[in-house]
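Note that the chains take the letters A, B and C in the order they are written out, and that residue 1 is the start of every chain.
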Amino acid sequence: MLLSTLSEMKCKQNVLKSTDGSVEFSQGDTVVLVGAYGPADCKESKQDVKEAIVEVNFRPKIGIPGIAEKYLEQFVKGVCESCIQRSLHPRTTFSIIVQVIQDRGSLLSCAINGTSMALQDAGISMKFMPVAVTVALKHKEEVSMETDCGTEDYDVIFSPSLEEEEKAFANLTLVFDSVKSELVSTYASGPMTSFQYQQCLMSAKNVSKSIVQFFRDSVSKKLAADVL
Amino acid sequence: MRTVIKSSTGQLRLNDKSDDFYKLHLKEGIRPDGRMLMEMRPMVLNVGSISTASGSSLVKVGNTTVVCGIKAELTEPNASHPGKGIVVPNVELSPLCSPKFKPGPPCDQAQVVTKFLDNLIQSTNLICLDDLCVENDKLVWILYCDLICIDYDGNIVDASVISLMAALQNVKLPEVKINEECESVEVNLKCTATLKLCSCPVSTTFRVFDRSNIIADPTSMEEELTEGQLTIVTDQQGRIIYMERPGGVTLQEEHVEKCMKRAVIRGAEVQTLYMEVTG
Amino acid sequence: MLLNNVGEHIYLPGDVINSKIQTVCDGETVRLGPGLSKHNTDVTVSKAGSLCFGPPNTFWIDCHQKRYIPCKGENVIGVISGKQGDYYKVDIGSSDQALLNFLSFEGASKRNRPNLSPGDVVFGKLAIANKHMEPEMTCVDVNGKANGMGLVDDKYGILFQTSLNLARKLLSPDCILLPELGSRLAFEVIVGLNGKIALFCKSSAQTITLMKLINESEYLSNEQMLDVLKGMFL
C-alpha cells in the first residue's frame, strides 16, 4: 500500500474586512473563501432557546447553488454544529459562507478545513477544531482489477485531484477532531471492504495530525504580529 | 402484487419527548418502542402497486411510508453522454407526512436525500446506463424516479433506498425500434424487459445517543434527540459502497466497525426480502 | 497588567492546559478568563490564541476577535436604534441590541426624560449581560452620576469600528499611543470595549488622519508607534 503525501496547504486569515472571521484556504489547486459571522442576531422564528443555530451557505464558482451544494452544505453544517460551543450563545445564529474559487478535487475537505480556520479567525468558542482529509483509493496499475479485497494492491492518495478522484475506485472524506482524533464526519463512496475503510481511517488519522500542526503554525503566524 | 411482512414487534406509542425518559430506557438496553438498540423496525414492501407507472413500490419501515413511482420516457440523450440513459431521482417531503415540512419548494432534507440517491446511482453504477440507450446519440430512456413520503417517522434514507431499489427491479421497459424508413419510433408494449441492475444496495442508518449508545433505524423522535446520523450502504457482497455521516458527536473506531457489521447483516436480510418480493 | 504569553506556545480549541497551569500556580485557586473553560477536571481552551496570565492567578486566551460578546461592567459605545416602552434600543455590535432605560441617565426622572433619537451615540456601562437576556446598559454610576457617560453629542467627530483587540490594546496602560498623541495634539477619544471608537479633533483632516493611525496601530509595537509619531509630527 502506497501512501502519497498531502498537497500543499495555504491559509490567509482575516482577508475580508467586514466579516467576523474570514479565510482564504487552498489545498493544492483547490481554493475556497470562507466567511464566518457569529454569534449574530437570529430571526425569532428560527431561534433555539437552548443553543445557537448554524447556517451554512455553500456557493459554487458559477451559477446558483443546487442540490449538489446543499449536499455539501449539510456536511459543513453538521461539522460546525458539533464543534462550536453552541450552548454559550442561545438564541443566536452562526452563519458560514463558503465560496468556491477553484475546484480541482478534494473540495469537501478543503471547505471543512477552511471553515475550521474561519471559525477560529472569528474567535468563536469551539470544543475542538475539525480537520478534514480526503482520500482516494486507486488500484495499482499493474495489478488486475479483480483482486480488490487484498491489502496491498491499492494506492492511497491524500487530497486527490479531480482526475485522481475519477480514476479511483473509492473516495473518502474523513473529518476528525483536533484533540482526540475521533471521527466527526465521514463521506465515502465506492465499493470497499470494511477492512479497507478502517485502514484508510487510520492513515487519514495520522495525516490529520500534520494538518493540526499546519493550523497551529498558521495561527501563530497571525498572532506573531499581534503581540503588544 | 405480493406483500411480505418482515417481522412484527409490539410497538409502544410514545408521548414523552424528554431526554431523561429516553436515557432510562437505554440504561435497560431497550428503546421506548420495545426494540433493542440495534433492532430494525418491521418492514412492509409492496411492488407494482401503481399500474400507470413503469415500475413502482411502497415501503413501510415502521411508520415511515415511502411510495416510489418510476416513469420511463424516451428522450434525446445528453450531448456529453450520447450512449447513456438518464436516471433522475426526486424525493418529496410534503407537509402531509410531518408538520416539520412546509409547503413550497423542496426543503433542505428533501434535497439532501435526493442528492444522496443521485450520488448512490452515479457512484455505484447501480444501473447499466448503456442498457437504457435505444439508439446512440438519438434516443435513450429517461427514468424519472419520484419518491413521495406519505408518513414520516424517521429514517427516510433507508426507506427511500429500499423503495427506489424495489421500484427499479419492478421496471418493465417495452421494446423500442426506430423505423429507419419513416424515421418514426415504434414501441412494442407487448414485449417488455426488466431492467438489469448491476448492484443491489441496501442502506442502514444509525444514530448515536449520548456518545456511547448506538441505535439503528431511528424514529423521528430519536432523530430529534440525537445529532447527525451515520448511513452505511452495502452491496450483495457485503462491501461498503456508500457511507455518510454529516456531523454530530465524535465516533470511535469500534463504533464505526460495529455499525458496519450490523449494516452487512441488515443488507443480507433486505436482499432476501427483495428476492421474495420480486420473485 | 499583562505578564504576557506563558511560553511561546499557541493553543488551539480543545487543547488541555492543566499542566501549564500547575507549573505557574500549583495548588492555588485559579481564575479562568475568556477562551478557557472547565470540563470535569480539565481546563480546556476554546479559542485559538496565546495563553496569558495576570495576577491574581488569572489565565485567559488572547485571541483576535471582531464580534462583541457583552460582558457585565464593560464600557461600550452604542448607537440608538429605536424606542421600546421605557427603553431605548442600542446597537452595541453584539447579537442582541442592548436596552437602555430612560431613567439610566444623570438627572433623569419620570418627568424629565432624556431626548435621544435614532442615530445618537451613547457611551455607557453594561449593567446586565448574560447569554439568556438582552444586555442592559446604563449611563450612570452607582452614585447616580454620569461620570463621563451619556450622550456623545459632539457634532464634529467620527465613530468607527475596530477589532476588539485594538480597543483593548488602546485602553491598556502599556500602550503609549493615546498618551503620546495627547501630548502632541488636542483631541478627544472614547474607546468602547465593543470595538467602537468615537474620535473628535479640531478639524476633519486631523480626525481622518488619527482614525487611520489608530486603525494601523493594531499590529505595531510601542517603539514602532513612536517612530510613526515622530515621522508625523517631526
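Some notes on this structure:
Going forward, a contact is a pair of C-beta atoms (placed from the backbone, for glycine too) under 8 Å apart; a residue touches a chain by one contact, two chains touch by 3 or more.
All figures in this text were calculated on a predicted structure; none of them were measured in a lab.
In the absence of chain A, the touching network of the other chains comes apart as B | C.
Here the chain at the heart of the structure, going by C-alpha means, is A.
Inter-chain centre distance (chain A to chain C, centres taken as mean C-alpha positions): 33 Å. Inter-chain centre distance (chain A to chain B, centres taken as mean C-alpha positions): 27 Å. Centre-to-centre separation between chain B and chain C, using Cα means, comes to 54 Å. For chain A, the set of residues touching two or more other chains reads 177. Multi-chain contact residues of chain C (touching two or more other chains) are absent. Note for the complex: chain C touches chain A at residues 2, 4-5, 10, 12-16, 35, 37, 44, 46-50, 62-67, 69, 94-96, 131-132, 164-165, 169, 172, 174-175, 218-219, 221-222. Remark: chain B residues 108, 111-112, 114-116, 118-119, 123-124, 227-228, 230, 235, 237-253, 256-257, 260-261, 264 touch chain A in the complex.
Interface residues of chain A facing chain C in the complex, by the touch rule stated above, are 14, 19-21, 37-42, 83, 85, 88-93, 120-129, 177-179, 212, 215-216, 219-220, 222-223, 225-228. On the side of chain A, the complex with chain B involves touching residues 67-68, 70-71, 73-75, 77-82, 171-172, 175, 177, 180, 182-194, 197-198, 201.
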